[in-house]
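Take a look at the structure set out below.
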Amino acid sequence: MDNDEILKVQGLKTYFYSDEGVIPAVDDVSFSIKKGKTLGLVGESGCGKSVSALSILKLIPSPPGKIVGGQIFFEGIDLSKKTYDEMCEIRGNEISMIFQEPMTSLNPVYTVGSQVMEVLKIHKHADQQEALKRTVELFNLVGIPDPEERLSSYPHQLSGGLRQRVMIAMALACNPKLLIADEPTTALDVTIQAQILELMKNIQKQNNMSILMITHDLGVISEVSDEVCVMYAGTVVEYSDVYSIFEEPLHPYTIGLYNSIPKFEQEKNQKLFNIPGVVPNLTKLPKGCRFWPRCVDAMDICKKKDPLIGEAKQGHMVKCWKYCKEVSSDE
Amino acid sequence: MNSNEVLVETVDLKKHFIVGGEGLFSKKKKAVHAVDGINLKVAKGETLGLVGESGCGKSTLGRLILRLLEPTSGKVLFKGQNIYDMNGEELRKLRKKMQIIFQDPYASLNPRMPVSEIIGEPLETHEVAFGKEKEKMVYELMREVGLRSYHMKRYPHQFSGGQRQRIGIARALALNPELIICDEPVSALDVSIQAQVLNLLKDLQQQFQLTYIFISHDLRIVKYVSDKVYVMFLGKIVEAGNAKDIYDEPLHPYTRFLISAVPKVNPRLRESKRVILQGDVPSPVNPPAGCRFHTRCPNAMKQCSIEEPELKDFNGHMVACHLYSR
Amino acid sequence: PPAQQKEKVITIAKTSDPGTADVQLTTEEYFIPLNIYDRLVEAVTIEPGKSELQPGLAEKWDVSEDGLVYTFHLRKGVKFHNGEELKADDVLYTFDRMLDPKTKALNTDFLNMIDGAQERMDGTADSTRGLKVIDDYTIQITLAQPFAPFIACLSTPAGSIYNRKATEAAGQDFGVKAEATVGTGPFVLSSWSYNDQIVLAANPNYFKGKPDLDKIVAKIVPDAETQRMMFEKGEIDVFDCDNARSQIPYFKNSEKWKNQIVSGPRVGVYYYNINQAIEPFDDVKVRKAMQRAINKQLLLDTLYNGTGTVAKGILPPGLIGYNPNLPGIPYDIEAAKSLLTEAGYPNGFQMQISQTVDSPNTLKLNEAVQAMLNDISVKAEIVQMDEAAWFGTRREGKLPMYTSDWSADFNDPDNFMYTFFSKQNSKVRSFNYNNEYVQEGLEKARAMTDQNERIALYNELEKIIVYDDAAWIPLFHLDHLFVVQPRVKNFKVSWNGWSDMPYYEVKVEE
Amino acid sequence: MMENKKDDFVKEEYDEEMEIYGTTFIKEVWYRFRKNRMAMIGAATVIIMVFVAIFAKWISPYDPYAVDLLKQFQPPSSQHILGTDIYGRDMLSRIIYGTRISLIIGLIPTLISMTIGSVLGIVSGYYGGKIDTVIMRIADMVMAFPSLLLAMVVMYTLGASIYNIFIALSIVGWAGTARVVRAQTLSIKEKEFIEAAKAIGVKNSVIMIRHIFPNCMAPLLVLLTMGIPEAIMSEASLSFLGVGAQPPTPSWGLMISNGKEYLFSAPWVAISPGFAILIVVLAFNFLGDGLRDALDPYMKQ
Amino acid sequence: MGKYIFKRILISIPIIIGITIITFYLLNVVPGDPVVLMMKEHISPDVLERVKNEMHLNDPVYIRYFKFMGDLLHGNLGRSYKLNRNVTDLLLEAFPNTVVLSIAAIIIAWGIGIPAGIISAIKQYSFIDNFFMGFTLLGVSMPIFWSALIMQYIFGLKLNLLPISGFSGPQYVILPAIVLGWSSAASIARLTRSSLLEVIRTDYIRTARAKGLKERQVVFYHALKNAMLPVVTVMAIQVAGLLSGAVITESVFGIPGIGRVCVNAIQNRDMPLLQGSVIFTVGLVIIGNLVADIAYSYLDPRIRYD
């Protein structure tokens, strides 16, 4: 194992067991993040990005969810071997997470200030005074106006963006080694977004922090990521460094995504490009490649056999028959 | 461009939230000037884009237009009628014509209702369809926003963030309203779905002469969908005009910042330093005297901290800034 | 320092708090009055079920020939708890106070035969004509008409003598606040915490000598089971089996307790009333059928553990005038059925038995009788009412059949016969019994001075009421059982079988 | 060409999937309920109880009214499985017959007061202001009022009958439910999905029924399951007032309070009705828990 | 908030007046009069009429009511008919006992109920969940007088650890409080459990876990407060209920409390005493519910009263 890999996910499988059957929300996903680097995780909504992130922290709601396979190494240690209490030491401290839904992810009955201070108190054993000071500092950092005032606001009194910033402040509080940011800037306007991204980069530089950036905003990805992992229907379809992804996307899905971005120069009455069809029902996946029903270049083999992810170019992994010369071993 | 009939108009709309300090008996009460005197007009069939920093009062404005909040003062005229004068039943009827897509999709979905019920509810409420027919309509709506029929019996918590947003969109579309307030409708969606939804909104607009108030911080999208753009800052409009004008020739310093801050979809460009706003973020509780932006404005003049600039009209391009006093 | 002599304390339990110690304001709470006051004449228990009138505060008394004027000679040197000496004026004050309408006294019936009592009670006179102080130690009471049981009446707790000075000073607090309540009795009311406990302390200056007990603690324990457990644990010294009859077999069979049971006859009677104003009870045959349909012996054996005797009439053994020669009413279903057929009810009828709520003992009896009546096809429904409603309806003469019991206040047949069957009382007790001969006889008997003649008359009337007119269903005379701790000595069941009794002679051993 | 492909896919998918997922809410709840073993045990017990109540006449070994004083207080034996009481009546038969009254008394007043309480509580919490003040102050009054007096008044004005007990118990019982539901409503009505419903134009009444009420279910089910034993017990205390079941009608409440005296001397008389109540309480609690879980979408698995 | 409390207190005045009128009226509707009850078996029609007149019981209801209200304004609750005692004194004597008993019972009810509810919720459907469920439900299924007798028998008589009856020291409080508390613990436990189960699956609980909080902290700090709303309501109701509903416990354990006074007052048609106890309980209910209402806005800041 690479020594500078802070997180290594191997063959992760997280399934939900529902009335309708088994939902393989994350099905054999592998990626790794290097120290001080950022991995971008993109993909259509519902493809399993958040579930992957939650699996890392072992926060999958169970029942109905369950990690059924794979390993997650954090600093070389298998997290699945950690006890509950050991995980508590890691969560919020070494790995922290910014959640996607800022309203429901903040406890409605406590002030946002106390919720941020709590992290400091448990992990840094800060006293009230220190925690308060640091929280004001953090609020300032993430661009919350009037930090002292806002400390005593309740979540419902804040706008969506402010809540999101509170979440970010909370995640950054303990200078984690790994930050999982699940759509951290979707609720923010561009100026704040820029500010936050800048902030993350700075902290990353200062503390050699690694980031798992989950977003669908390719702009943000291109702005911060070093490597990008594209997911589709619970699997990784393309995985490479940021430049090749943007300059030379290989997988038809990635290409579709790229084309869907509205450009500044987009004509108003010109329709936006989109990938036809919808994400497949995870309980009833199509036979063969999961993407074939929506793929413009679908071949016969695509409908029959699921390709394996393989290196199409140097360090550029793709899961597509177009780039796989050999027939997958298990068929 | 449809500049004919004015569908919605707000007149000096204000909303101040009273916030108390902690503790039961604290006297420390303050007002958050969330919306502070907004005048805007939307013509039928037009899309009004509303951009602005987060927390500047966009969602509050949206809620006020639908009378989901009672204003501190001001009027909202829908087809010339002040909705604040309406009684319960009139208002209810009106709801059929005005819809909102909420910013926070999860919180706005009843956790105890399956998705089909959530989307079907407006149909039932306004007696559009019941039973099997309703199911079918719901199914079609779900398809349109990119959800699948097997989602119908699921509950909100079983969806991913983007999927939830689509439920909200489907619900708002169900009644074919005349006006939809889209409060960040696509910001939680991935680009592909985003494109689908935007195309859908466009189609619907063309088909039914829909009017949108489109709240977003994604300037690319706002530019793509809007006919007119209003830029808000701390509860006030600082710039307004045709989308093209605003993007091509932003006047207000804040607008210029906004446009330049849009991330480029090209990793090579990321080292080219973006302009980051400096200075303290002003507070809506004690908005700075004079121009509210002056604390962060690189072009701030003496006058800016004293006198509040008025919104002035330059051939349909309005701006509130002392740089452009004439 | 010398070792302190251990206090001799007896602890008893009462089911409810008496509320007031002013005996003129109560008709049933006699525990405190019997121990802190004295009366001119005392009814003393000489052996179980037997009593004797003995001088109390009055050393002796004379009655005039015509039976109208009573002269009482008071004992000298008797001190009230506040140190005042007993004077004739205190006696006059006490009786006048009772008749004074402002007192709102409830038991004026014991004194209303005094000359001028009626005017005093009506508020038309400021004093009672018939009460006269002769000197400090002599008082004369004149009656309006001769009244045979007068002396016996004075021996009831209601005849307790108060101190004028203390009582007037106490005002409303008399009988409520311990320190304001003053009598001459063997015990002093020392503390009272409402619904919790009452403490009586020995009166060292008692004219008959200081009682053996230093203290009586009366705890208010509403729950009978709790009382029993407290007794077994030794937290209380006396257990009144009336409260938990179901425990009698246990005590009787227990090696530890069977010799500690103190029992005495209750000079009283359990009966069923029949309301003749309600059809079909206006028919004497129906009433007779009812008398025969109830198996008294079985009830006594199964519900009361056989502790008593089946009653044959109204007057209980131990009472003056008790007639042991009455034939008794047999349990005879066939006779009852044929009586019903004769009366025109071959298939029985519907009727009601009323009772107060929250009295499980009564309910047991009623349920059993309900089943017995069912055997002669009489369908009885048990109607429960709360006490206030029950007594209220009864007063109006409208209460359906009910069971109750009565025990002697004073030793005279009048206390039974007149109470139930005088014209007025027969209505307010819902008998609605109308037999002019009987009712005139009852009035006449009151004023008769020849005791033998009186008793003969009472015996005749009793027979008419129970056997000829079948106006009364006698049930039984029950014994009153107490279980006492071994340390309690000289515990005697009071002659009339009350639970409230004087504790002057009771002793405890340490 | 592409468009076509998409549409075909839609068509067949719709037909096929509508069939599978076109289940009703009730069916779905039932599906989840069925999988809960404890809940099924509870439901089965309740059904058995109802069965016993209906067919008491055929099930009970003896006439529950047959008095035989000579057979009083027989301990449990093969003849009298639960022994006999003070009148020599068969306890088992009385318990069986008692199921009727006690089940009715446990359920009906509880349901009535729950219904009244829920309606008033939701209305009060939802509208707030004056309506809230009036309803809640009335509730305060009802709660402070001596229920004994109220029951007495009902009994004297409406007459002593078992049905009037329903009324008496319901009058006293609604206030607590109303307060609980109101508290829940106060919190739920501030949630965003209520705002969303308003934005659609859903009528207030519908909001209260469809959106708020289901979210109050959890505490309501607890109150319901707790209300049943309480009602059975208060029947016992009302019997003291003479408004309960009239003797010799067997009711558990009455049996349990009459049995108190014999708790130590003839324990079977006291314990068997108590045991019967315990079974009912447990059954309804299992049932309630099962329902709660079945109605809770989070439990969907 | 201060204004809100003031308003509530102001509103409670008509409530108290209302409830006195209703009690007055209702006690007049039910048959039976106090004097008949004072005389019981020794009924004598003449005496009865005379005493009733002296007590002004023959006056019309409204006149008696106004007289009562007049006295009340002077802070005088009058004298009990039957006991001939000053009502205020009686109540002031009885009240502290009931309060002590209720507080102790509540400590036990909540002390058993809340932890049992929490543990049951965390370990849903486990053995321990079923155990607590059984234990607390036994409390409601068993009539109070039973559990009281059994406790007295075991701890008072057999083990001789505690006194059986009375109320004259701390050791006297233990048994009645356990009995009374046990019977109310079940509702609290079940409610706590069910609301916790609702809360424990929310996103913010996930956030709390992601922060690295121990399960204990997550439950006690984050989940509990959110789940407490219905529990607090029931708590307030119980406080009020315990005060007026402790009658049985009070009589079984011989505690001189307000419950017994109140019941006696009704049974004896003792109007002044009844009015006095009702005013006391109404005051408590009002305070209890006011505290609960204030607690709501503390527990859930979205709830506001202004």
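All chains are identified by letter, namely A, B, C, D and E, in their written order; residue positions are counted from 1 within each chain.
Definition applied: a residue touches a chain if its C-beta (ideal position, glycine included) is under 8 Å from a C-beta of that chain, and two chains touch if they have at least 3 such contacts.
Since this is a predicted model, take the numbers as computed values, not measurements.
K.L.:
My parser should flag the chain pair with the most contacts; which pair should that be?
P.N.:
Highest contact count among chain pairs: A-B.
K.L.:
Can you name the chain that lies farthest from subunit B, using the mean of each chain's Cα atoms as its centre?
P.N.:
C
K.L.:
Centroid of subunit D to centroid of subunit E, CA atoms only: how many Å?
P.N.:
Once rounded, the distance between the two centres reads 23 Å.
K.L.:
Find the geometric centre of each of subunit A and subunit D from their Cα atoms only, then give the gap between the two centres in Å, rounded to an integer.
P.N.:
Measuring from centre to centre gives 48 Å for this pair.
K.L.:
Indicate the whole-number Å distance between the mean C-alpha point of subunit C and the mean C-alpha point of subunit E.
P.N.:
38
K.L.:
Can you compute the centre-to-centre distance for subunit A and subunit E, using the mean CA position of each chain? Integer Å is fine.
P.N.:
54
K.L.:
At which residue positions does subunit E touch at least two other chains?
P.N.:
Each of 30-31, 145, 149, 153, 201, 203, 300, 302 in subunit E touches at least two other chains.
K.L.:
Could you pull out the residues of subunit A that touch at least 2 other chains?
P.N.:
Residues 18, 20, 101, 103-104, 156 of subunit A each touch two or more of the other chains.
K.L.:
Can you pull out the residues of subunit C that are in contact with at least two other chains?
P.N.:
Residues 225, 386, 389 of subunit C touch two or more partner chains.
K.L.:
Which positions of subunit B touch subunit D when the two form their complex?
P.N.:
Going through subunit B, the ones touching subunit D are 63, 66, 68, 88, 91-96, 99-100, 102, 104, 107-114, 121-122, 125-126, 135, 139, 143, 148-150, 152-153, 155, 157-158, 168, 171, 175.
K.L.:
Write out the stretch or stretches of subunit E touching subunit D in their complex.
P.N.:
On the subunit E side, the touching residues are 11-12, 15, 18-19, 22-23, 26-27, 29-31, 125, 133-134, 137-138, 140-143, 145-146, 149-150, 153, 186-187, 190-191, 194-195, 197-198, 201, 229-230, 232-234, 236-237, 240-241, 244, 248, 262-263, 266, 274, 277-278, 281-282, 284-286, 289, 292, 296, 300, 302-303.
K.L.:
Given the complex with subunit E, which residues does subunit D contribute to the contact?
P.N.:
So the residues of subunit D in touch with subunit E come to 38, 133, 136-137, 139-141, 143-150, 152-153, 156-157, 175-176, 179-180, 182-184, 186-187, 190, 218-219, 221-223, 225-226, 229-230, 233, 236-237, 256-257, 260, 263-264, 270, 274, 277-278, 281-282, 285, 289, 292, 296, 298.
K.L.:
Which of the residues in subunit B end up touching subunit A in this complex?
P.N.:
The touching residues are 17, 19, 21-22, 30, 32, 51-55, 57, 59-60, 103-107, 143, 146-148, 150, 158-163, 165-166, 184, 187-196, 198-199, 202, 217-221, 223-224, 243, 247, 257-258, 261-270, 274, 276-277, 280-286.
K.L.:
Which residues, counting only subunit E, touch subunit C once they are in their complex?
P.N.:
Residues in contact with subunit C: 30-48, 50-51, 54-55, 79-80, 82-86, 90, 93-94, 145, 149, 152-153, 156-157, 160, 163-168, 251-254, 256-257, 260-261, 264, 267-269.
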